[in-house]
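Next come two complexes, and both contain chain A; in the first it sits with chain B, in the second with chain C.
This part shows the complex of A and B:
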């Protein structure tokens, strides 16, 4: 049976059109209409929507909290990239090079927090930081360092760094597996040749492992940056809600507060546009920065 | 010989130490959370980090009966199952068309779906809120399931096209020569042959939907619609006043048990799916 052209197009439409319509309604339309809303003053009711041009953007530049939220976001980005990459790299290299026989155990355990709900992670760690009952303060008291004990999440200085730790804790496993996958493809002969040339293990790591692993490192860093800029507000919302005194607000949690708690939907959309622009810009710059000639030995 | 082995053992132990410490750092809080769900409140205050004196299920009963955890579990199950099914219904035919049928603009469409993975969806949530309100789907679990399904479309299409690309073309061609309609080919040949990909995608999506918190926070309002994450968050915010810590731990444990079970069965598939999804995406 030869299909007629019409039948072929009908089948194609059957496959593509319903999915695309839903994708357009629930993903494309909201994004573009978010851009559009950013030019309105709007508290939620249809009648009260008023076109105000770039006033929201002027307000954005004059809002004293905005620079802090940006700073907090990039603080999380940088600390997470370094924290996760250093630990994940150490674990990956240790497991792969040492041929440890309980390696599957570490793989399984380290990865598990990656599939835990942010709600569970956030609440669990809030309790770990609990000033009176929490693990951190009890631990410090147990080793005689009670002067270091403090209400971690209640302190303007310590709340944001305190949020980094659970994010690293939850993220390590995935990136360790990514790096392990890369290390597995590096041929043993490179290390043998390096050893003959008298390179010690540290030099081998920098001269052989890192360059050959660069594609995986690049992807891992980009992935951490994107997921942090687009999603760090979830754990912030659960653990501190942006407080104390805005000291942990990131762009996303500030958007949530402005739009869904104070009903400034237009201004919220403007913050959303800023998140979009900054996140695309960062990824673009990072891709340029991390571009390296493909290494071939 | 023996001494050399001993020296090697020591270096190995030194390298192992951080691995062991990190294992404890990962496991201890999780195990402690599960143990905490069996403790009475008095015990939690007196001895928050030790073993429970006895295993009693009062906290679970309390969470289930008095803190809406029963509703949370059912609502989460509902959006998880419906969302995962809907994602498949939407993603499988599109993935097949994008991978196997040559048509103008197929690369463009594919790239459009993939690009959506990198876009921060926060911006879209404000208009989505009003869209759902206008079509009467706000504070509605069906509405949430649709939003979930569409949000996982890019990832699902991405993984499914990779799987479908590895199916030999001859099978479809000979089926077409035998007079099978393309709809039947999709249903009887492609779907069963890409079952491995379909299972991977479905597990990943189900975990995602079961764990999701923020969209539920925005798009659901009444307590009887709360998903598990929202119900737990509610208990957590109240715990400062009610001191229902045991109940909180019990509900966290309830949330994590299905994930532990899925992970125990599909550990390889899940970690592989996520790693590859991240690398190629």
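This part shows the complex of A and C:
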């Protein structure tokens, strides 16, 4: 049966319009209202607000804490991308290639943190880092390394690196599964051919696994970058609240502090615009940097 | 290679399992807390029900003739360390007194955030108790959300037949001479210690800064702990609990007013610098717990109760808030933070939690009736019994009351003795825009990463920002 043009358009509209309406309500509207509020002086807790033009943006450029929050965010982005990708790749390859009997068990164990809420992870690691009764300091003392014990989250120097560890721990499982899926699609014959050609396991990894896994690696890196820029504030908020002395504030947690604790909602919206612009720029640059020809053997 | 890989996997697995077990512990801990809270409420609820029976009968007999106050009355109140049993009882009695009024409660620990959209859309509740995270009296006044009560207050009498404006222990805050809120809870910050431990070990309860330092030194030597702890995640605990009274003692109401209004050069004044040097002295002597920077208020309070530290600055709500976690042999002792010089009385700066009526209240008559109803001797006494704290009403005699905890009776007697304690006032609370940056630098000073001079520079920069320069 041939569809008329009208029927075809009706069907397309039936599929697209509800999605577009939902997208407009839940994505476009908040996006544009955020942009709109960034031009107002508004406490965010009352109806009254005053249009102040670009004053919030001027304030943004003169705010000494902003560069620190950007630095902290990108520190988390870089350490998380490397930490998660290296470990997820290592575990994925190990489980898939080494044919260990307990593979399904390890898969569950590594994926376990992903089913836990970030809030629970944050609280759990706060206990682990507790200076007097935490696992880390007690462990260091037990093995005679008490000189290395320190108030991890309470130190301006160590608090941010201390947040990286749970972020990586919580992220490995999902990307390990993603990479395992990718490895599963690579035909064994490529490895056999490479072995016949005299390639060792290390060469097989770089010449066969990585190029054929590149689409998954690219998606994983982009996903880590975006979720870190937009979502790292949850773990920061739970574990340190941005302190001590702003040493762990990321853009998101500083936005939260300004908008909801200092009653500068308009300025908070301006920080939100900055996060959007920086996220877009970063993703655009990464897309360029990670662009490769699709490999087929 | 394969075997070593397998071994490392076993190690990884056991670590993973251990972490999962810990996660489960953490989860249970949280649940236990929630259960405790529920229990608390339940026991409060039982009390309320019993006591209400008596009051309801009385209320009904008085209720006639108050028919003009009617309709729905929405009350928003934050539930924190003081619990909600007092509110339940008062509101229940109010409904009995005014049978034509139906009260809708908006209550909970996150109620300020939950009700935000109502305030933003100009559809606020009628009465609001301003307390807890996410609420700011100064901000609400600046936003024009609170009714001007100046004229009404000059006429209103309490149910005890007293002129209400003459009955407060501390007068309401004024904004350009106008009154927008009535101080309900007379909170005060001070320093807590374990009285049982002090008695057993023979430690001297500090009476001024020098004796404070010497007691902390003795505790540090004997117990091998850092004697002082506070929350670094909320530096305002130290700012309000220790520095504010210290400034009161050093420079009186005038200095406090200049500090909260961000007067130029206030942090450079000699008496302010002297107080900041005392803080640096505590840090240099190693008396401040070096892990405090990451502690939230609950963690710092738990460490204090577990004996990891000996002194903590918190408000009157501490025993009530930590009731379920207090060890049996622990006895709460309270002194105003001893930052004053030798020979001077302790200083206290009341931190008031007000009750206010929304500018756009739907039922202002019922709202006013409720505010009038609350400020009585009966409910002030009940407040102390339920919460272990003081309501801001004069003439309430707690000394013979068996239902009021000992620490409160002692603290109350101390506060009312001008030879021991001098009370100072600030015109209104400090704005979050000023308190936050000063708090951040204060944390750095207490961690020892900046000097007093650097702190003063930061604080002056924060006041300049606040003044809009």
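A few points about this structure:
Here, the second predicted complex is superposed on the first by the 265 of 297 C-alpha atoms of A that agree within 3 Å, B and C clash if a C-alpha of one lies under 4 Å from a C-alpha of the other, contacts with A are read in each partner's own complex, and residues count from 1 in each chain.
The rule we apply is simple: contacts are C-beta pairs under 8 Å (C-beta built on N, C-alpha and C of every residue); 3 or more make two chains touch, one makes a residue touch a chain.
From a predicted model like this one, the values you see are computed outputs, not experimental measurements.
When both complexes are superposed on chain A, chain B and chain C occupy overlapping space and clash. Of the two partner chains placed by the overlay, chain B and chain C both lie in contact with A:135.
Considering which of chain B and chain C touches more of chain A, the answer is B. Applying the stated contact rule after C-alpha superposition, one finds that A:185 touches neither chain B nor chain C. When the two structures are aligned on the shared chain, A:27 is found in touch with chain B, with no touch to chain C.
Applying the stated contact rule after C-alpha superposition, one finds that A:15 touches chain B and leaves chain C untouched. Using the contact criterion defined above for the overlaid structures, shared-chain residue A:287 touches neither chain B nor chain C, since it reaches no partner. Contacts of A:245 after superposition on the shared chain: chain C is touched, whereas chain B is not.
Of the two partner chains placed by superposition, chain B and chain C are both touched by A:106. In the superposed pair of complexes, A:203 makes contact with neither chain B nor chain C.
Contacts of chain A with chain B, set against its contacts with chain C after fitting on chain A, overlap at residues 94, 98, 100, 105-106, 109-110, 112, 116, 120, 123-124, 126-128, 135, 169, 260. Of all the residues in chain A, the ones that touch chain B in their complex are 1, 3, 7-8, 11-12, 14-16, 18-20, 22-23, 25-27, 29-31, 33-35, 37, 87, 90-91, 94-95, 98, 100, 105-120, 123-128, 133-135, 138, 169, 172-174, 177-178, 181, 216, 219-220, 223, 226, 229-230, 233-234, 237-238, 252, 255-256, 259-260, 265, 268-269, 272-273, 275-276, 279-280, 283.
Contact residues of chain A toward chain C in the complex are 43-48, 94, 98, 100, 102, 105-106, 109-110, 112, 116, 120-121, 123-124, 126-132, 135, 151-156, 159, 169, 239-241, 243-246, 257, 260-264.
Chain C contributes residues 2, 5-6, 9, 12-13, 16-17, 19-20, 22-23, 26-27, 30, 113, 116, 119-122, 133-134, 136, 139-140, 142-145, 232-235, 289-296, 299, 303, 308, 432-433, 436, 440-441, 443-444, 447, 449 to its touches with chain A in the complex. Interface residues of chain B, counted against chain A in their complex, comprise 12, 15-16, 18-19, 22-23, 25-27, 29-30, 32-33, 44-45, 48-49, 90-91, 93-94, 96-97, 101, 103, 109, 113, 116, 118-131, 146-147, 149-151, 153, 176, 179, 182-183, 186, 207, 210-214, 217-218, 229, 232-233, 236, 245, 248, 252, 255-256, 259, 263, 267, 270-271, 274-275, 278-279, 281.
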